[in-house]
Every structure is written in structure tokens, then in C-alpha cells.
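Please go over the structures that come below.
In the two assemblies presented below, chain A is common to both, partnered first by chain B and then by chain C.
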Partner chain A sequence: MRATFSHKGRRKIKVSLVLAYIARRIVYVIPIVASVALVCFLLVHITPGDPLVAVLPADASEELAAQLRAAYGFDRPLPVQFGLWLWRAIHGDLGNSIATGRPVLSEVMRAVGNTVTLAVAAAMIGFTLGLLFGLIAGYFRESWVDKVATSFAIAGVSVPHYWLGMLLVIIFSVELNWLPAVGAGPGGSGAWGWDWEHLRYLVLPAITTSVIPMGIVTRTVRALTGDILSQDFVEALRAKGLRERGVFRHVVKNAAPTALAVMGLQLGYMLGGSILIETVFSWPGSGFLLNSAIFQRDLPLLQGTILVLALFFVFLNLLVDIAQAAIDPRIKRG
Partner chain B sequence: MSDTALQAAPATKARGYWATVGRRILRDKVSVVCAVVLLIIFISALIAPWLGLADPYQGSMIRRLRHIGTPGYPLGTDELGRDMLARLVYGGRLSLVIGILPVILAFCVGTSLGLVAGYVGGRVNTAIMRTVDVFYAFPSVLLAIAISGALGAGITNSIVALTIVFVPQISRVAESVTTGVRHMDFVEAARASGAGPFTIMRVHMLGNVLGPIFVYATSLVSVSMILAAGLSFLGLGTKPPEPEWGLMLNTLRTAIYVNPWVAALPGAMIFMVSICFNLLSDGMRSAMDIRN
Partner chain C sequence: MRVERWRRNHAVLATAALVLAAAAGLPRSAGAETVLRIGMTAADIPRTLGQPDQGFEGNRFTGLTMYDGLTMWDLSSADKASVVIPGLATEWKVDDTDKKKWVFKLRPGVTFHDGSPFNADAVVWNVEKVLKQDAPQFDASQVGVTASRMPTLASARKIDDMTVELSTKEPDSFLPINLTNLFMASPAKWQKFFDSAEGADAKAKSQAAWAAFAKDASGTGPWKMAKFTPRERLELVKNANYWDKARVPKTDRMVLLPMPEANARTAALLSGQVDWVEAPAPDAIKEIKQRGFQLKANESPHVWPWQFSRVEGSPWNDIRVRKAANLCIDREGLKEGLLAGLMVSATGTFEPGHPWRGNPTFQIKFDKTAAQKLMQEAGFGPNKKLTVKIQTSASGSGQMLPLPMNEYLQQALGECYFDVKLDVIEWNTLFTNWRRGAKDPTANGANAINVTYAAMDPFFALVRFQQSSMAPPVSNNWGYIHNPKFDELVTKARQTFDPVARDAALAELHAASVDDAAFLYVAHDVAPRAMSPKVKGFVQPKSWFVDFSPVSMAQ
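Take a look at the complex of A and B:
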């Protein structure tokens, strides 16, 4: 009996609570994934007109249309189509692109690689600046540094990022001619490398992508820092004679779980919401692919890209929740 | 002295919550400036035909892409020789409608859903909130583009797509606010006095939950403006030759090597409206937080 109340025993209980939370969170993902798949599947069926419109010649006979419909399985009842589609999707077969005839999954994965490169570069810029601005602004509330940092943050979340991309192209490509305006390197989309020849192409899209996360992280961290600094325990730490550097460490430790969650979510948004920026810079990522799928009415490709991106987002959220529970065991949401 | 003090007391006491909020907003310079800028843009879009502007549809091959400050064309001309000033002012009409309408629609739908989910609770809550969770599994930009991409280009479709994006977000806020209010004494009292669920929701709860939801919704307007113009920018919203800021930005993209600063103008309009809504929403939030 006594052992339960020892420090070690309590730790054990805590760990098992966290594990139970993680297990619950993982189980909870299953219905979400299933519903996400259903939404992606239904997207194609809310489209007006025939899903075959992209491949069917305008003067196609009714017989040919029926043949093709049968070949793609569009003639079966919807629940059957969904079951078959899901079954194949689970086995990694998302069908073939109508426009190119290549497997959707390999097309999407190749493009996602480029999007991940862009998102990671943007995250490095945006998160670093956001954390820096947020901490400084939160620490020196109402000072001029706070005002400058807050203005940057509000501009970051309010700017139409596709327009910012255009502005950067105007300044750095058109006027100054320092950096390339579009594309992903001299070798085209397939040959990415980590040298300056390729990185120059990444600079402008990455800066453009980083402004929204920068703004949101700044605002979050500023609010967190302000809240923490106004709590009683900080006063106690200072009264105890702790130096400002030590207090700062406590602030960072207390702000970390929430800041981490926000950054994880932002990374997900960057991966899934890259279409506008990738269109501006002709960056050959998943957003660019989505754009061409929409305009070529390539429905399997559209469906597959959205499914893969949404699943990325769901699993990233799961990871963030698990990481958050691991570093801050107080969190036990239902 | 004491007489006047006694007489003055009821007058100050009579000022209600909303009057106090209003006064606090009026004292906030940033909010006032933003409100004025937005009003100017709104009103000029509304009365555009009577402002003596050039015809926003009338192009001319010989005066294409004039620079900013050209006599007769204060903001230059676009790639088809149409007056930029006129197109920017007229462009406010569609841009504001497709940017703001989705939030208004989502506000109505989302508040109703959240109110019902929060008040009824139980299985109804689970059904509504789990459905909402599914839409949360998509990044909002992706969801907006997926829906309007599937529905096809067009103004109505882009409004529908954005509404679907915002309904879950507003319902979540509405649900959590309602759940907070549900067990308050005055709701219990109303129930004890025999009021039906609809009366309670409409009379007693709506007034208490509407404020926070409204502030949240105004902060969405900025996102909605950017996304709505973004859909047009991709070619999924407005169709040419309609003046609309996102679409103008798209068609002027080809001109950035010839006349870059004219090409950037429509984006500046989107930015201005979006940042004003954001600042105004922040101002409202702190004005409504009377405790501070």
C-alpha cells in the first residue's frame, strides 16, 4: 500500500494515464480517417456532370461512354464504389490519373516531397522569428519592441500571401534580378539538390509561406508569455531571488506545450494549404498538382491528392497531441 | 453638491454593457481608423456608379498598362487598358460580397448548430460535434479549394465552399460558449418556470452567447477575404471581365515585368480590408472584455 504513495508509484500512475490518453487518441483517429476518406470520395460525386468529361471526346457515342463508365466502375451503386475505392486505397492503389495515365499515388508522393521541402524551410523561418518576436513582445509588453513585433504579427496574418509572393517576385526578381521568379531549380521538378543553385529557387516561396505561421506563433507566444509572467509563481521565483535568466527558463518551459501544438498545426496548414503559393511560384508540389488536377478535371488525381494531404494533416495532429501529452501530462482531453 | 451627485448616479448606472463596449471601441484610435477605412471602401463600392469614374469594363488596346500617375488614369490601366481606379472601386462590390457573405451564412448556420449541440447535449451533441470534427481534419485552404474545385468555378460555388469551411469553426465556438452558459442559474430558473427549450435558447441563451461568437466571426472575415480572393486568383471564383480583386491580381500577373506596381494594386486592397477587419476584431475583443 505504501509503495503506491511513493514518488515512484505516483510517477507510474502518471505514465499509465498518459499512455491511456495516447491509446484513446489513436483509436479516435480511426473514425476520423474513415470519414475523411468518405468526404474525399464524395467530392467527386458532388461534381456536376459526368466524371468522365476529361477523357471523353465531345462527340463520343453513348455506347463508348457506357463502356468507359464501366471500366472506371462509375456504373455501380455508390456504396459499392466507395467500398471498392477504400479497399484499393488501403492497399496503396489510388487509381490512375485520367490525364497522364500514371498511378495517382506515385504522382502525389513525388509532389508531396517538394511541398515538404518548402514547408520545412518556411517553418524554420516562421517558427524562429515567431518564437523570437513572441517572447520579446510578451516580455516587454507595451514597449516599442512589443508594438513592432505585434505589427509584424498582425501584418503576417492579414496579408494575402499570394500577393506577398508577387510583391517579392517584383522586388527581388523583376527590379533587382537577384533571385529566380518561378520553378524549383535548373533541373526541373525531378532533380532537387541542397546546393545554392537549387536553394535560390526556394528562398522567395519559403519566405512567402513563412509569414502566416510567423504571425500566428508570435501572437500565441506573446499571449502565453504575458499570461505566465502575470502568475503568482513567477513573483515567488523573483522573491526567492532567482535571476531573470532563470525566470525566463520557467516561462519557456510553461509556454512550450501550447506553442508546440500551435506550431504543429501550422506545419499541417503549410503542407495542406500550399496551393496558392505553389501556383504563384510554379513550385512543383502537391498544391500545384491539385491545381492542375482541378483544371484538367482529373478526378482520381484530385481525390487522391486531397486524401493524401488530409491524412498527412490528421496524423500530424495526432503526433502533436501525443507529444503534447508526453511533455505536459496535465493534458487529458476526452 | 450631494444633490447633484445623487441625481447623476442613476444616469451612469443606466449605461448597459453594449453602451460601455461601444464607448471603449470609440476610445481606441486603431479601431476607429480601421472602421473609417472600411466604411470608405464599403461606401465607395456601393455608390461607385455615381462617383464619376471611368467605365470599369471599357478597355482600349492603345492605352494598356499605363503607369500609376498617368494624367487621366491616376492608378494607371490594366492589361486590357481599363482604368485601374474604377476597377478597384467597382471591384470592392464583388470582393466584399464573396468575402463577407460566407462568414455571415456560416455565422447563422454555425451558431444554430452549436447552440443546439450545446443546449441539448447528449447524442445530439455527439452527432453534431463529431461531424464537425471531420471537417476539422482538413486544412481550411485545402477544404475550400477541394470543394470549389469539385463544384467547379463560379461565384455561388466559391461562397458555398467558404461557408462549409467556416461552419465547423463557428459551431465549435458556439458549442463551447453554450455549454458554459447552459448550467447557469437563470437558465435553470427559466426551465423551472416552464419555458420550453426553444424559448430558452432564443430568449435566454442567444443573447449571452452571441457576443463571443460574433467577435470570433469578425476575426474570420479577414481569412475569408483572403481565401475568397484566393479562389478567384486561382480561377475558381469570379469570371472575367468582372472586376474583382483576386481575379484582377491573377490577370495582371502576366504584366509584372511590364508594369509591376499596377499589377500589385488589387492585392493591396485585399490586404487593407483584411488587416482592418483583423485590427477591428482585436479592438472589439478587448473592448468586450470588461474585466480588464
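Take a look at the complex of A and C:
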């Protein structure tokens, strides 16, 4: 009876520790989000150039320029502009794009959806290969297998991915004509479907996006595996007669928190979208949107996109922290 | 037995069904929809609500396709300069007593894609969408790209259903040319969206109506909007009821795809994903031709110049220095060496054959000896070089290859005793600095600026640079040119209402600017585009715009 009570009590303490940890992390998120909002507003406003360049040709008269500045609210003091923007953003309104007149939020969410599709596909390829190569390389250190896997990893992090993208396009689209060179489906992303007719558009950008995370995960997991395998407890497990499969399970469990953190960060980067890859493949994701917003100097769109992506990153990190705490009890105590 | 009969009956039915299916299929196959897929350089679909953004590429793809103006460009010839012809107006005339008033007769029997009639009310409504701030349809986002291109238009008034009066702020013979930039959107369609829009006030409803209109647009043009996915694709279908039967499109459907990256566009063409790309990657031109694709190019109304500062103390105030720079550039070397043939050497804003060219006495050509002589007369030589500073960008719309081209000039001018310093800044910043002028701190001490310009109409090509009243902050006379002769000729051209005499006055102005070596004239872009051998009937005019109507797709 005492044992049961004590077990329940321990669980209760564990749960409250986890909840306290989650609450603490959520509280930390608030100043981070506020800072992110301020920084992304200021960053786009301190860059030189006219914010109305998308709708105001350079030959427009000063009178017309003044008229439009007033119409778009750019004649107001910067703190007032920030206050108004923040107030609307809190209420879910990121304003309208200057260049297109469309609501920023719908533009960003559509682009983010496309980037998520690409990021998930790339993560599946990159993380699977990264874990596989990392574990193999870690287990067979200094062997030829290790050297091959490490070479893949170094190539993954070293090769410029836009160059790789172009190379893949030349081979698989132009020369072999197996896969499409650009776009997000035969009818665009609005008519996306999960069949081969659409998925074939995803193959080349997903492979190109996956090479960096593949390389980073391989190197991380290789180092972790090697490190764990050299620790005393592994020797002890083997001495106790545990089979290699059991030892492997312990290695994976010990490597998981760090590997998870690295993969979370990589997923965050991928969800941020790659301007280069999405431009090379004309993939209508957040990187493509950012590229367009930067070149058109579309401030509301730029601010909105950066804010949404930054929030994604912040919340993804929060999720990773929580997941780590669930896996590794030492973290929540800290 | 029963089973056998059942089988026989069903075999007959199946055969009949097959015959019917084949019969139904045959005409479909014979008249299969023809589709033209185009990769644009734009990163987004230009705005579709009537007044496109993204410069003249916007007008090319979402302006002139779905909409018409009162006047329009003749895009039918690859040899002659593109001139203004009647569009939705059949004729126009300035008032004999008040030169600030014009009467336009409208084309009868024209309807918008939604079936509503085009008339004087529609013209007044479209003028007021960008000029009358208290009009319900006034849209600030369309003002910038429209009002600046018709700077003197003040108002519109209906005389009768088919006649409209337009007023200008000052006598301006350029108005019919400027009106090519005002596209007629359907008031009836917009009103329908406005009536059903939700919004706190009329302004919010108006914005919502324009947003809805952009997704389901209606103009009078040869192409109708069929499907629109923002930032990804715009599908247009032919308007079989287009008022100009000679310009009813020969292709059923046109798909426009934004592809800002030149290599991606080229790969999409070579892999057969699109049939036509704008501005293919220069490095791939040879391969494009080798693979049997067509390369189209023609001199376009575009100038790649150095615009000189003429403020006090500028080295360019000496005409010998300006002329020497113009004579020191081997433009043919630039064309064949760096640009793979994709430029036309510039000897002014307009080349021979253009109605506004005139007869300049200063012949712009490559003559290094003459250039060196002029520089020596101006007091410079191998041991006393003239330092000049040029503000430019590393990329930008219409800038071609700004950095390598400027480095080429730097090297070439070095042989004529110039020491050229380059101040390279981001494109949008350069563009903004352009209107601030040479005296502004943003010029960063530069005494020339390298911003390319369109030369479609007299205001854009000449007036905004050469009239002294166009100095910053009014317009783009960046270098503060103040030449009384230019001012006099601008006024003369603007107030000459007979088109032939007006063109002669413009030619006089252009010749005077070349004789004054007002700019360092370097190159004209040739607007290269590559297309599949299946694309037939395309004519590339000497214009920023093209006519997609005669284009057909071979099966």
C-alpha cells in the first residue's frame, strides 16, 4: 500500500515538474515574441529606399508620392506605425501587401503551407539518411563505411544547395526529362494532390533541401554514437551479457535528446523556407514569398512573413524543449 | 440460353457505347485546346485589376492582354517603330480654343467580358479610379503606376454615350500617347463586387471590391481571365468576341507562370515544361539555339546610360568630356564580348528610323583617338586622369548586366584618361536615390548615375530628364540639367498638336540632346525571349510590349 502511494506521489511530482517546466518555457516565449515583432518591424524600416517603390515609379511627382505616403500611413512617426501594426497583428491582421493589395496573412499562410510540404518531405529524406549514416558511421568508426558516410555528410553541408538544385534540374529535367524543373504541381499548389502526378514536382526540391540537414544530422549522430559507445556504462551493459540489440537501444535513447534538438533546429530552418531553393524551383513557399517581398520592397508583406516565420521558429523550439524534457528527466529538473 | 442472350445484348450495348464514345472523342481530338505556357521574369503575377504593377512586364502580361486603353500601340511590325493607334477611342482632337481640353470619340459596340457595355460612363469611371479621391472606386494602389504615366491628365467628362472630354492641367500634346497606360476595367463588374462586399465603411468595401475584381477581372481585351492562383499562375482564355476580329487570339489558352530565376526559366523551356520564356539565361543562348528552340530579339525602347551630374563643379559640365566618354566606348565589343549579341549599340535615345530620332550632328561611335584628343583639350592626359564616380547597382529591372558592363566601361574609359570609381548599391535604393538627385547626400559624391530607362513616350524618354523643371524632387532630372534650349523645345513639342509636327519637334529635341552629349549612351536592350519551335506567328516589335493574338501552337 505504501509502495503504491509512493509511486503515485512520485508520478504526481514528476507531472508537476513537467508542467512547471512547460509554464516556465511559455512565459519565456512572451518577451521573445515581443522582441521578434519589434526587431522585424525595425529591420525592414531602417533599410534605405522608399517603402512605396512597388506602387510608385521613380518618375512619380513628389506631390503624388506624398499623397500615397499619407494613404498608406507612412507619413506617421515610426512608433505610431509600430503601435498600429502591433495592435492589428495581435488581432490577427497583418495588413495588406502594398504590391498586390492582398491580405498578408493569407499570402503568408498559403506560402507557409507549401513550405511545410517541402520541409516535411525534405526532413523525411534528410533525417532518415542522416540518422542511418550517423549511426553506421558511429558504430564503425574509422572503417571504410565511416569514411563513406562521413564523406556524404561533408558533401551535404558543403555543396551549395542552389548549385545542387540546378545540377539536378539539368540531369533529371533537361537531359532525362524524368521530373519537372519548376513549379508545385501541374495546376499549381492550389490544386495539390498526394499522387505521383503532383509528388514528382516535390522530388527535386525536397532532395536539394534535404542535403544540409542530412549532413548535419549525420555528423551529430556519428559524434554522439561514438561518444556514448566509449562510455563505461556501455561496457557494463555488455559485461552483464546484454545483447548488441539491447546496447543499441541504450545508445539510441542516450543520443536522442541531442539529436532531437538538432533535428528540431533543422526543421525550423527548413520551415523558414529557403529563398535560393524555392527560387530555383519556383516553389511558391515562404522563401519565394520573401524573395518577392524583398525585391518589391513590400514592407507589410516582409514584416508579416518574417514575423510568422520567427513565431514558427520560437514555437518549434518550445515544442522541442518540451519533447526533450519528456525524454530526458534531467532537463526538466534544470 | 438466357445467359447467352444476355451476353449478346450486352455485347451490342458495349459496342454501341464504344462507337458513341469514339464519335464523341473524335471532334474533341480534332479541336483539342491549344495552350501557350509562358515563363515570366516576374516573381509574382502582375496585378490583374486593370493597372498592373511590375513595370512594363506587368502591362505586357496582365494589362494589354485583358484590357484595352483609349489608345494603343501598334505591335504588328518587327521593322517599324511602334506608334500609337486608335484603341477604344476611334478618333480624338484637341479643342481649338482651349488646348487643355480633348474630345475622344469612343468605339461603338464594345462590351466588357462580363457583357456590360463600354461607353463614356466607363471612361469617366476609369479616370476617376485614379484621379478623384472621393470617388467610391478610387484606389490608391493603382494611382502610382497610372498617374505618373499621364502626369497632366486632370479629369474626364461625359459628353454623350460615345463621346468623352478629357482635361489636362496644361496644354499637352503627349496625352494620346500617355493614355496607352490607362486600362479600362468594367465598372458594372466592380459595382457588383462593391454591392456584395463586407466592410466597415465605403473605403473598406471599395478595397474588398477591388480585391475581388483582381481575382475575377473583366476588361475588353483579347484575353479573358480563366483561373488565377496568386504568385503561381494566371490562365487566360481567348475572347472570341473581341471587337477587333483580326486580333482574336489564335491560341485557346495562355498560362502565365512567374519564374524569376533565369536558369530555372531556361530549364523549364528546355525540359518542355513551358513553351516560351522571357529573358533566358545569357549563358544558355547557344544551347537553346542548338536544341532547335527559337530565339527572338529586337531593339526595344530602352536605354542603358550614364546620366551625368551637371551641378556646379561636376567634371561633366565640360562638353568635351561628355563627348569624349561617348566616343571612347567600343559598343560592338561590349555586344559581342559580354552580352552574346543581346544588345543594340546606342547612339542616342532613339536610333535611325525612329520618328523622334532627328538629325544629330554629333555622331556617337567608337573613335578612341578623337576621344583622347578631346580629353587632352580639356586638360587631361595619361599623367592627369579625370576621376569620375558612378552610382550603380549589381542587378535590377532593365539593368541588363550592370556590374560587368560598368567594369567594361571603367576599363575602356581608362584608355581615354578617365579614372572611373564605381559606387555599387542595392537596386531599390539606387532607384529611390534617382529621384533625389545629384545634390542629395544619397548620391554619395557620385557625378553620374546608371539607371536604365524606358523610352516609349516623349515624357519618359526625354522630358523628365531634360526639362529644368523636372529636377528633383519633381521628377528624374537627376543631374539638374538646365539647358534653355531643351526647355524651349519641350514646350514646343508639348504644344504642337498636329502629330506630324509634334514628332518633328520631338526629333529636334532629341537631336539637341545628342549634340549636347547629355548622357553617355551605351546600349539598348533587345528583350530576348526563347520559345519552342511549336510557337508560330509571333512578331517581336520594337517595343516593351508584344501582341499574343497572332501566336498559334503547332500540334
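Please note the rule applied: the second predicted complex is superposed on the first by the 306 of 334 C-alpha atoms of A that agree within 3 Å, B and C clash if a C-alpha of one lies under 4 Å from a C-alpha of the other, contacts with A are read in each partner's own complex, and residues count from 1 in each chain.
In this section, contacts are C-beta pairs under 8 Å (C-beta built on N, C-alpha and C of every residue); 3 or more make two chains touch, one makes a residue touch a chain.
Quick caveat: nothing in here was measured; it's all calculated off a predicted structure.
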item: Clash or fit (per the criteria above) of chain B with chain C on chain A; value: clash
item: Partner chain(s) touched by A:G101 [first = chain B, second = chain C, both, neither]; value: second
item: Contacts of A:I22 with chain B and chain C, given as first, second, both or neither; value: neither
item: First, second, both or neither for A:I275, with chain B first and chain C second; value: first
item: Touched partner set for A:F295, first chain B, second chain C, both or neither; value: both
item: Touched partner set for A:F313, first chain B, second chain C, both or neither; value: first
item: Which superposed partner A:L64 touches (first chain B, second chain C, both, neither); value: second
item: First (chain B), second (chain C), both or neither touched by A:V234; value: neither
item: Which of chain B and chain C A:M166 touches, first, second, both or neither; value: both
item: Chain B versus chain C as contact partner of A:V174, first or second or both or neither; value: both
item: 20-28, 164-172 or 254-262: stretch of chain B that collides with chain C; value: 254-262
item: Chain B and chain C footprints on chain A, overlapping residues; value: 48, 166, 169-170, 174, 279-280, 291, 295
item: Chain A contact footprint on chain C (complex, rising order); value: 39, 43-44, 47, 49, 53, 55, 140-141, 143-145, 147-149, 151, 207, 210-211, 214, 229-233, 257-261, 263-265, 267-268, 270-273, 426-429, 431-432, 434-435, 442, 451, 460, 464, 473-476
item: For the chain B and chain A complex, residues of the former touching the latter; value: 130, 133-135, 137-142, 145-147, 149-152, 222, 225-226, 229-230, 233-236, 249, 253, 256-257, 260-261, 263-264, 266-268, 270-271, 274-275, 277-279, 282
item: Contact set on chain A toward chain C in their complex; value: 48-50, 52-62, 64-65, 67-68, 71-72, 96, 98-102, 107, 110-111, 166, 169-170, 173-174, 177, 180-184, 187-190, 279-282, 284, 288-289, 291-292, 295-297
item: Chain A residues touching chain B - in the complex, by the definition given at the top; value: 31-32, 35-36, 39-40, 43-44, 46-48, 154-155, 157-164, 166-167, 169-170, 174-175, 268-269, 271-273, 275-276, 279-280, 290-291, 293-295, 302, 306, 309-310, 313-314, 317
